[in-house]
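Take a look at the structures below.
There are two complexes below, and they share chain A, which is joined by chain B in the first and by chain C in the second.
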Partner chain A sequence: MKKALQLALGILTAVGGFFDVGNLATSAQAGARFRFQLIWSLLFATILVIFLVEMSGRFAAVSGKALPSAIRDHLGFSFWLGPFVILTLVHLLVLGAEIGGISFALQLVTGIGFQWWAFPVAIVIWLFLWRATFSAIENSTSLLGLITLCFVVAAVVHHPPLHQVAAGARPTLPSHDGATYWFIAVSIIGSVIAPYLFYFYSSGAVEDKWDKSYVAVNRGISVIGMTFGSAIALGALVVAAMVLAPRGIHVSDYNQAAAMLTDAFPFWGFVLFAASMGIACLGAALEVALSLAYATSQTFGWNWGEDLHPREDARFSLTYTVAIFLSALIIAAGIDPLKLTLFTMVINAAVLPFVTIPFLLLMNDRRLLGTNCNGWFSNAIVVMIVIVSFVLAIVSIPLAFIGGT
Partner chain B sequence: MHELDLARDVMDKQLIDRDCTEMGRVDGVLLELSDGSPPRVDSFELGFVVLAERLHPRLLALLEWLRRWSVRKTARQVVQWSAVEEVTERYIKLSIDATETPAFDWEKWLGMHVVEHLPGGKEEE
Partner chain C sequence: MRRFAVIGILVAACSGQSPDAKLAKSLDAPASWMSGLAMIAEKWSANSVPRAYVEKSLDAAADEFDKTTKSVRESDASPLLRNAVLKQLAAAQASSSSMRGAIEANDRARVARDSRELADAGKQLSEIAEDAAK
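Up next, the complex of A and B:
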C-alpha cells in the first residue's frame, strides 16, 4: 500500500515536474511554425527519456549512489572533470532560462519588465531551497505544476484533426524552412532529455532512501510519469498549431505565445498561461539548482542533502545559492528569455554524449548492479541513444546559427 | 572484501568519518617503497591541490598561488591507511572525526561567516 501511494505520488511528481520553460518554448514554436509535423521529435525524445530516467532511478535504488557520485567513483576524476565543468555551465544557462520564464510570467501579469523580476525571483527560489525539505519541495511544486494540464484541456477543446496529429508522429521532411525545422526538432529533444533531470532524479532517489524494492516503483514512475508529462508538451504543441499557426504567429518572443490559451479559455486564458509558465518554471528552477549542488557536492565528496540544515552542509547550500544569483544575472542583464531558452535547449542536445556514455558504462557494471544490470534490449537502446546524442552534438550548434530564430 | 584494487576500490572513493559524515574523496594514494619488499599502501591524500597535481603541473602552481586566500590549514590532508575501518562498494569508512580535520575547514568557515548571517542560517534543527 505504501509503495502504491509512493508510485502515485511519484507519477504526479513526474507529470508536474516534466514540463518546463524548454518544453513550452519548443512546443509553441514547433506548433506555430510546422503545425503537427514535429510531433515525432517529441515522441522520440519521450521514449529515450523514459529509458534514461528508468536507468538513473534503478541505478540509484540498487547501488545507493547518485549518478555524479558514481561517475567519479567508477570512471575517475580525470574522466569526469571535463563533463562536470561543461554540465555546470549548462545547468547555469538552464537555470537562467527558468528564471527568465518565471520573470516573464510576472511581466505578463504586472506589466513590469522581466529583467526587474530576475532578482526577486532568485530570492524566492533561494528561500524555497534554504527553508524547505526535499519532499516538501518535490510534492508542492509538482502538485502545483499540474496546472500545466490546462494545455491538454485546451488541446481537446480545439478539436484538432486527429488524423493530422497522428500523421505528425511519423517523421517527414519539411516543405519549407528546412534549417528551422531541424533546429526546432533538435531543441525539442534537448528540452526533453535535459541532463539535470537524471542527476536530480538519481540524487532524489538517494535522498528518499530508495533501495532495491523500489525498482518496480521506479519503472512505473518513469514510464507513466514521463508519458503523461510529455502529453502536456504535446498539448502545448497542438494548441500552438490550432491557435498560432493559422494566424501566422511564429513565436519569436513569449508575448506571442501568451495568447495560446485565450481561444480555449477566453476569460482565464492569459492568466492560466502566466500561472502555468511561472509554476512550471519555478519547479524546474528548484530542480536545476538542486541538481547543480548535488553534482558539485558529490564530485568533491562533500556532505549534502536538502533535508539538512544549511549549517550542516554549508558548501552544498552555498553552491545552489551562488548558482541561483549567477543565473539571475543573465536575465537581469536583459537577455531575451525565449532566445536564451532555445539556445540552451540546443546546448542541452550538444552535451548529451557526456550524459549518455556514463550510462552505458555504469549500467553494465555487475559489481554495482548485480542482476539489475542492463539486459541486451536496454543496452541496444542506450547504444542507439549514444549514437543519436553524437549526431545531435555535431549538428546542434551549426543548426543554431543556420536555423535559430 | 579481501582483495583491493587500488584504482577501482580506493581512488576517488567517497570517504566517511566515524559518524558517517561525508568528508571528501580519495584524491591520491601514497605508497611506501622499501628495498626488498613489495610496495605498501601507506596513506592517502585529500585536497584540491592533489586533484590539480593529477591533471597538470601548471594547475597545481595556480592552486598553490590561490592558497594565500584559503582558510584551510593544510592543502594536502594525509590520512594514514591505519585509520581505515571499512572499505565497501559505496564508501571508505575512517575511524577519525571529520569535523576536526582540514577537510572541514571550509565547511566550518562558510557556516560561521556566511550561512549564519543569512536568514534562517542560525536555526538549530
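Up next, the complex of A and C:
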C-alpha cells in the first residue's frame, strides 16, 4: 500500500515536474512553424528519456549510489573531469534559461522588464533550497506544476485534426525552412533529454533512500510519469499549431506565445500561461541548481544532501548559491530568454554523449548492479542514444547558425 | 574528419545565399511580429490580456522593426525588393505607433483598424519573403 502511494506520488511529481522552459519554447516554436510535423521528435525523445530515467533510478536503487559519485569511483576522477566541466557549464546555461522563464512570467503579470526580476527570482530559488527539505521541494513544485496540464486541456478544446496529429508521429522531411526544421527537432530532443534530469533523479533516489524494492516503483514512475509529462509538451505543440500557425506567428519572442491559451480560455488563458511558465520554470530551476550541486559535491567527494542542514554540507550549499547567482547574471544582463533557451536546448543535445557513455559503462557493471544490469534491449537503446546523440552533437551547432531563430 | 569537412561545406553553402535570399530570411521575425501584434491587440480588445503586456509587446516589436529596417537599408539586395520590404515595415511602424496611442486612449475601434493593417502588412511581408526566397 505504501509503495502504491509512493508510485502515485512519484507519477504525479514526474508529470508535474516534466514541463519546463525548454519544453515550452521548443513546442511553441515547433507547432507555430511546422504545425504537427515535428511531433515525431517529441515522441522519439520521450522513448529515450523513459529508458534513461528508468536506468538512473534503477542504478541508484540497486547500488545505493548516485551517478556522478559512481562514475568517479568506478571509472576514475580523470575520466570524469572533462565531462563534468562541460556538463557544469551546460547546467549553468539551463539554470539561466529557467530563471529567464520565471522572470519573463513575472514580466507578463507585472509589466516590469524581465531583467529586473533576475536577482529577486534568484533569491527566492536560493531561499527554497536553503530552507526546504528535498521532499518538500520535489512535491510542492511538482504538484503545483500540474497546472501545466492546462495545455493538454486547451489542446482538446481546440479539436485538432487527429489524422494530422497522428501523421506528425511519423518522421517526414520538411517542405520549407529545412535548417530551421532540424534545429527545432534537435532543440526538442535536447529539451526532453536534459542531462540534469538524470543526476537529479539518481541523487534524489539516494536522498529518498531507495533500495532494490523500489525497482518496480521506479519503472512505473519512469514510464507513466514521463509519458504523461510528454503529453503536456505535446499539448503545447498542438495549441501552438492550432492558434499561432494559422495566424503566421512564428514565436521569435515569448510575448508572441503568451496569448496562445486565450482562444481556449478567454478570461484565464493569459494568467494560466504566465502561471504555468513561472511554476514549471521554478520547479526546473530548483532541480537544475540541486543537480549541479549534487554533481559537483559527488565529483569532489564532499558532503551532500538537501535534507542536511547547510552547516553540515557547506560546500554543497555554496555550490548552488554561486550557481544561482551566476546564472541570474546572464538574465540580468538582458540576454533574450527565448534565444538563450533555444541555444541551451541545442547544447543539451550536443553534450548527451558525455552523459550516456559513462552511464552505459556503469549500467553493465555486474559488481555494482548484479542481476539488475542492463539487458540487451536496454543496451541497444542506450547505444542508439549514444549514436543519435553523437550525430546531433555534430549537426546541432552548425544548424544553430544556419537555422537558429 | 571527412564528416566535419562535409558539415563545413554545408555551412558554407548555406551561408553563401544570394543577397535577396538572405534578406528574405531576415523577414521572418518582423512578419511574425506583425501577425503577433494583430492577435495581441485582438485579445486586448476582448479583455483577455492586460495593457502592460500589450505595451511590452509593442516595445519589442518596435525594436524588431527598427533593427530590420536598418539591415534592409544596409543590404545588397535588389532595390525593388528593398523598397517593397521598407514599405511594409513603414506601414507596420505607423500602425503599431498608432495602436500604442489608441490603447492609451482606450479607443477600441482604432485598435481594431490598426490590428487589421498590421495583419495585412504581415501577410504581404511573408509573401514578399516567399517570392524572394524562390
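Criterion: the second predicted complex is superposed on the first by the 405 of 405 C-alpha atoms of A that agree within 3 Å, B and C clash if a C-alpha of one lies under 4 Å from a C-alpha of the other, contacts with A are read in each partner's own complex, and residues count from 1 in each chain.
We adopt the following convention: a residue touches a chain if its C-beta (ideal position, glycine included) is under 8 Å from a C-beta of that chain, and two chains touch if they have at least 3 such contacts.
Because the structure is a prediction, the values reported are computed rather than measured.
In the superposition on chain A, contact of A:Gly76 is made with chain B only, not with chain C. Of the two partner chains placed by the overlay, only chain B lies in contact with A:Leu318; chain C stays clear of it. By the touch criterion defined above, A:Gln256 reaches chain C but does not reach chain B. In the superposed model, A:Pro398 makes contact with chain C only, not with chain B.
Once chain A of one complex is fitted onto chain A of the other, the partner contacts of A:Lys212 are absent, as it touches neither chain B nor chain C.
Contact with chain B, but none with chain C, is seen for A:Lys65 once the two complexes are overlaid on the shared chain. Of the two partner chains placed around the shared chain by superposition, chain B is the only one that A:Asn303 touches, whereas chain C remains out of contact.
Put simply, chain A uses no single residue to touch chain B in one complex and chain C in the other.
On chain A, the positions that touch chain C within their shared complex are 107-108, 110-111, 113, 179, 247-253, 255-256, 258-259, 262, 266-267, 269-270, 394-395, 398, 401-402, 405. Partner chain A is touched in their complex by these residues of chain B: 7-8, 11-15, 21-25, 27, 51, 54-55, 89-90, 106-108, 110-111, 114-116, 118-125. Those residues of chain A lying in contact with chain B across their complex are 63-65, 69, 72-74, 76-78, 81, 127, 130-131, 300-304, 309-315, 317-318, 321, 367-368. Interface of chain C with chain A (complex): residues 3-4, 7, 10-11, 14-15, 28-29, 31-33, 35-36, 38-40, 43, 46-50, 52-53, 55-57, 60, 64, 119, 122-123, 126.
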